[in-house]
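Across the two complexes that follow, chain A remains constant while its partner is chain B and subsequently chain C.
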Partner chain A sequence: MEARIVNKGQLPELLDKLAKDCDLIAPVKEETTTLFRKISGAKDAFLEYNNSDISPKGCFLPQNEKTFSYTYTGDSLEIVKPEGAKKTVLFGTRPCDIKAITTLDPVFEGVKFGDEYYSSKRENTVIIGLSCSKVLSTCFCYAFGGGPCDGTGSDLLFTEIGDKYYVEINTDKGKALVDTYSQIFSSQGADQLAKGKEELAQKLSGEFIRKVDLTGVKEVLDGNFELPYWDGDNYKKCIGCGTCTYVCPTCHCFDIFDYTTGDFTGDRIRCWDSCMYPEYTLMAGGHNPRPTRKERVRNRFMHKLKYHLDRYDMVGCVGCGRCVKKCPVNIDITKIINDLKEVAQNA
Partner chain B sequence: MPNPTALTPYPVTITKIVDETSDVKTFTVVFDDPEIMENFGNKPGQVCMLSVFGEGESTISITSSPTRGKFLEFTVKRVGRLTEVLHQMEVGQKFGVRGPYGNWFPYEIMKGKDLFFVGGGFALAPIRSLIDYALSDQYRKDYGRVEILYGSRSYDDLCFKSDLFERWPSLSNTAIYTTVDRGGDNWKGRVGHVPGYVEEVAPSPENKFAIIAGPPIMIKFALPVMEKLGFKDEQIITTLEMRMKCCLGKCGRCNIGSKFVCVDGPVFSRAQLKGMPQEY
Partner chain C sequence: MMDVMQQLREQAKKLLEEKKVDLVIGFGQGTELARTTPVFIDSPEGVSALTWGPFCANNLAKYLVDYKNAEGNVAIVVKGCDSRSVIRLLDDNQISRDKVVIIGVPCAGQLEWQKVAAEIKPDAVLKETADNGDSFLVKTSAGDYTFNKKDYMLHRCLVCENPNPVISDITIGKELPVKNYEERFAEVQELEKLGTDDKSAYWDKQFSRCLRCYACRNVCSVCTCQICVFDQMKPMWVSKRTNLSENTVFHITRAFHVAGRCVDCGECDRVCPMDIPLRKLNQKIHKDLGDLFDSPTPGSKPGLLSALGEFCPGDPEEFM
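Coming up: the complex of A and B.
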């Protein structure tokens, strides 16, 4: 694998150039919230973050997205699709969030049904990852085979070492970007920094506080839909606020509705939805297959720990810890995983 | 070619509307783009997403068999916002359609077999596509006897009356059994519920598939009857309904366990359903 070096002092120059040449999306801080937004240059970026409050999944699956606009006059019906995505660079993505994107890929780029909106953005975006420099108390990416310096899924991975970034080139797309800005990416001394990255990865891997072990969890969920565990406290605590689903980088449920500006003129919008809401599965006529929080909480965790695996051979959680941190009633997926492991052991 | 992965619908024009009951209408539509119509490629049992602009989308079964010609029929019950607006539309007006989605009845595996259809109320709609497929000039020889047992609350609630009383009985090797829960001046036929009538007609399970669609309560009471008659779980086919938004296995809401009804269904055998969580 090829690698380069970028002096930290040159990063603003790189970001300014990228913002000029394409859409540059990077972490920003708005009041107390860290999230990803299109920026106009290095001055807007906020890179001193550990884990953003809002994940960058919206770069590919925006919270609100127009899928087309329509005009119906009685005899003519016109449907106009938005243009495809522009060339974009997503800078500063943490390894867990990159993994989350690879978890969304099979949903939206499935063999049977793709998604032109998602794919267009995915194809036109270069993902530049940024290794973590710290492990938070809510982090548990290691439990799913990830790590604070794992660049899997990124085109380039930046790792901060002293006053430099060690840059790993993971794909041709990444290579093309490096070649375009070759005056900023130098190859001299990259080999020596490789060792520094190794050491950082090694050091951080020992800093996880949460012990999360998936052994036997999938097996205990297979064929055990009515597991008594789901009757326990978790659903009783849940207030159905949906926060977990909005901050989750792998949650992809959406709703589709029309935003009408005139009689038969308007936009078709898809927007994030949440399986934690009763309306999500409510059918005309009043029947609801998941009528209480018990079924909804079970479905969410079954989706993460079993259904996504059954369909795509990937766990639907990446260990970013956002739901653990943000849940107002402390429903904690790491506790659920460990409880289920215990259920498995006692079975 | 239609692009089934797109969230954008194709415009269709309504060419005919039949009032089936006081709250059910059948819309015949053709795509404005003849190429889309030609290549739509729907199979019996599949569904479409209907766009009524300003109201969004609804999942509706294709009621017509592809063997009947280059058009689609949708039989729609007025239950909420979108279906209300659709019911106000007239011949010549347009709405949008995308699809076809979902799996289809196993009509290849059913070849050489007799077919026994059990329908309740307006749920005859999704199985009508297979009835007409098996009864088409083209494929009639591939299937044995076709029997249809259908019931609704009253005579006025029976859908597809011209099929039931004229078209289907006139075709060879068919039998139509109709029943209503409540009789009336306009009904001289049988009165009683569907499950009891199935027991009375007592189809033999020999070399046969049973295709059942109806309200949950009818299915609940019909299944034990089928079982008593000797039908195995693999011989009983039904269709499921869940709330849907994308029909592409992405929006998440129509799952039953690891299966998405919109892509892995809506057609399931009773054997398949027994292997799935009872969450529908």
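Coming up: the complex of A and C.
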């Protein structure tokens, strides 16, 4: 694997150039929150964050997306689709969030049902990861094979070491970007920094507080849809908001509806939806297969720990810890995993 | 606070043993040192899960609505602010008085868990907590920590109207002094000073971050509509599309819908994942209701009529 070095002092130059040449999306600070936004240059980027409040999944699956506009003229229907995605660089993404994008890929880029809106953005975006410098008490990416310095899924991975960034080139797309801005990426001394990165990865991997072990969890869920465990406190305390699903980097459910802008014109919109909402599975005839919070809570964790595995052979959680942190009533997926493991052991 | 916790457990055990209630809803240790989580205890053996201290920020009163049609009675642990919610639920006929046993605990304030967690060694285990007036002592396996209330408490607690439960069947712990905070509406007064355009810009910036996760609505103890207007599909009054316009409709509608009923517990503010200062909206309405109608905080005593549900000939009519 090839690697380069970028002096920290040269990062603003790189970001300014990227912002000029394409759409640059990076973490920004808004009041007390950290979000991913399109920025106009290095001055807007906020890289000293640990875990953004909202993941960058919106770069590929925006919370609202116009899929087409329509106009009915009396004898014909005119459909106008939005233009394909622009060349974009997603900079400063943490490893867990990149892994999350790789769990969305099979959903939207399946052979049978490809999603052109997602694919267009995915193809035109270069993902530049940024290794973590700290492990938070809510982090548990290691449990799913990830790590604070894991570059899986990124085109380039930046790791901060002293006054330099060690840059790993993981794909051809990443290589092309490095070649375009070759005056900023130096190859001298990259080998020495590789050791620094290894040491950092080693150090951080020992800092996880949450012990999460998935042994037996999938198996116990496989055969037991009506597990008595789901009758416990989790659904009783759930207030049924959509926070966990909206801050989750792998949740991807959406709703589609028409937004009329005149008698004969309108937009077809796709927007995020949440399986925690009562109307999510409500059918036209009035039946709801998930009538209470119990079924909805079960579904969310079944999706993360079983269904995504069944369909794509990947766990639907990456251990970013956002739902743990943001849940108003402290429903904690790590506790659920450990509880289920115990259920499996006692079975 | 160990004694309060002990008494809480004893009282809960007694209630369950004597079959006075079938369920006790209280606070249990959460998955972070500085967090608690709601617990639902249905057997005397389960009461050891109950805890108390400066990490019990949640207002549990809303859960009473879930059990309003349950066969047995429910006991609930409330702080001063939460007790106002119980009164509102009773006054709105959401729950019946004879089915609820209210365990009131005077509250010395609640700490912001994230701020506390940032200071404490991550793998520390909580031993006990104590209120030292201006600060809390938090004893952990990794040593003792002191948290000044001024810096670590939730803002709502810094201007607490009444730390003592205004309704309760069983009170645990000593009554605390009620302070009159002149700065209660300081943040609202700052906003009031802005011109219309600046106010609009301020809220536009806040509402544009809204994800419409509805945590603020769902946690709200006075949001008890069986089908909320924002969930209604036919007709769809507000689109699921999130944008400034739809988000603004949501927040302004909600603020006015709870006007005269909002008990100022500040839960909407606490749970917002995007840190939108929602309590300021409600506080503006509280302030206006006080200025215009001399209306006390809803729920601050039983049987208060809602300012907007009552007509007095002397009410101001500036706009007529």
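The criterion applied here is as follows: the second predicted complex is superposed on the first by the 347 of 347 C-alpha atoms of A that agree within 3 Å, B and C clash if a C-alpha of one lies under 4 Å from a C-alpha of the other, contacts with A are read in each partner's own complex, and residues count from 1 in each chain.
Following the convention adopted for this analysis, a contact is a pair of C-beta atoms (placed from the backbone, for glycine too) under 8 Å apart; a residue touches a chain by one contact, two chains touch by 3 or more.
Predicted, not measured: the structure shown is a model, and the values here were computed from it.
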Partner chain in contact with A:257 - chain B first, chain C second, else both or neither: both
Touching partner for A:326 - first (chain B), second (chain C), both, neither: second
First, second, both or neither for A:33, with chain B first and chain C second: second
Which of chain B and chain C A:246 touches, first, second, both or neither: second
First, second, both or neither for A:53, with chain B first and chain C second: second
Chain B versus chain C as contact partner of A:197, first or second or both or neither: neither
Touching partner for A:277 - first (chain B), second (chain C), both, neither: second
Which of chain B and chain C A:64 touches, first, second, both or neither: second
Which of chain B and chain C A:121 touches, first, second, both or neither: neither
Chain B and chain C contact sites that coincide on chain A, given as residue numbers: 255, 257, 273, 282
Residue numbers on chain A that touch chain C, as the complex places them: 30-33, 35, 53-54, 63-64, 137-138, 207, 209, 233, 236-237, 239-243, 245-247, 255, 257, 259, 269, 271-274, 277-279, 282, 324-326, 328-332, 334-335
Residues of chain A touching chain B in the complex: 67-68, 70, 72, 74, 77, 79, 81, 107-108, 110, 112-117, 225, 252-258, 260, 263-266, 268, 270, 273, 275, 280-285, 287, 289-290, 295, 299, 302-303, 306-307, 310-311
Chain B residues within the chain A interface of the complex: 4-9, 11, 32, 51, 53-57, 79-80, 83, 93-96, 216, 241-243, 245-246, 248-253, 255-258, 263, 277-280
Residues of chain C that touch chain A when the two form their complex: 30-32, 35-40, 58, 62-63, 66, 114, 117, 122-123, 205-206, 209, 211-215, 217-219, 231, 233, 236, 239-243, 267, 270-271, 273-275
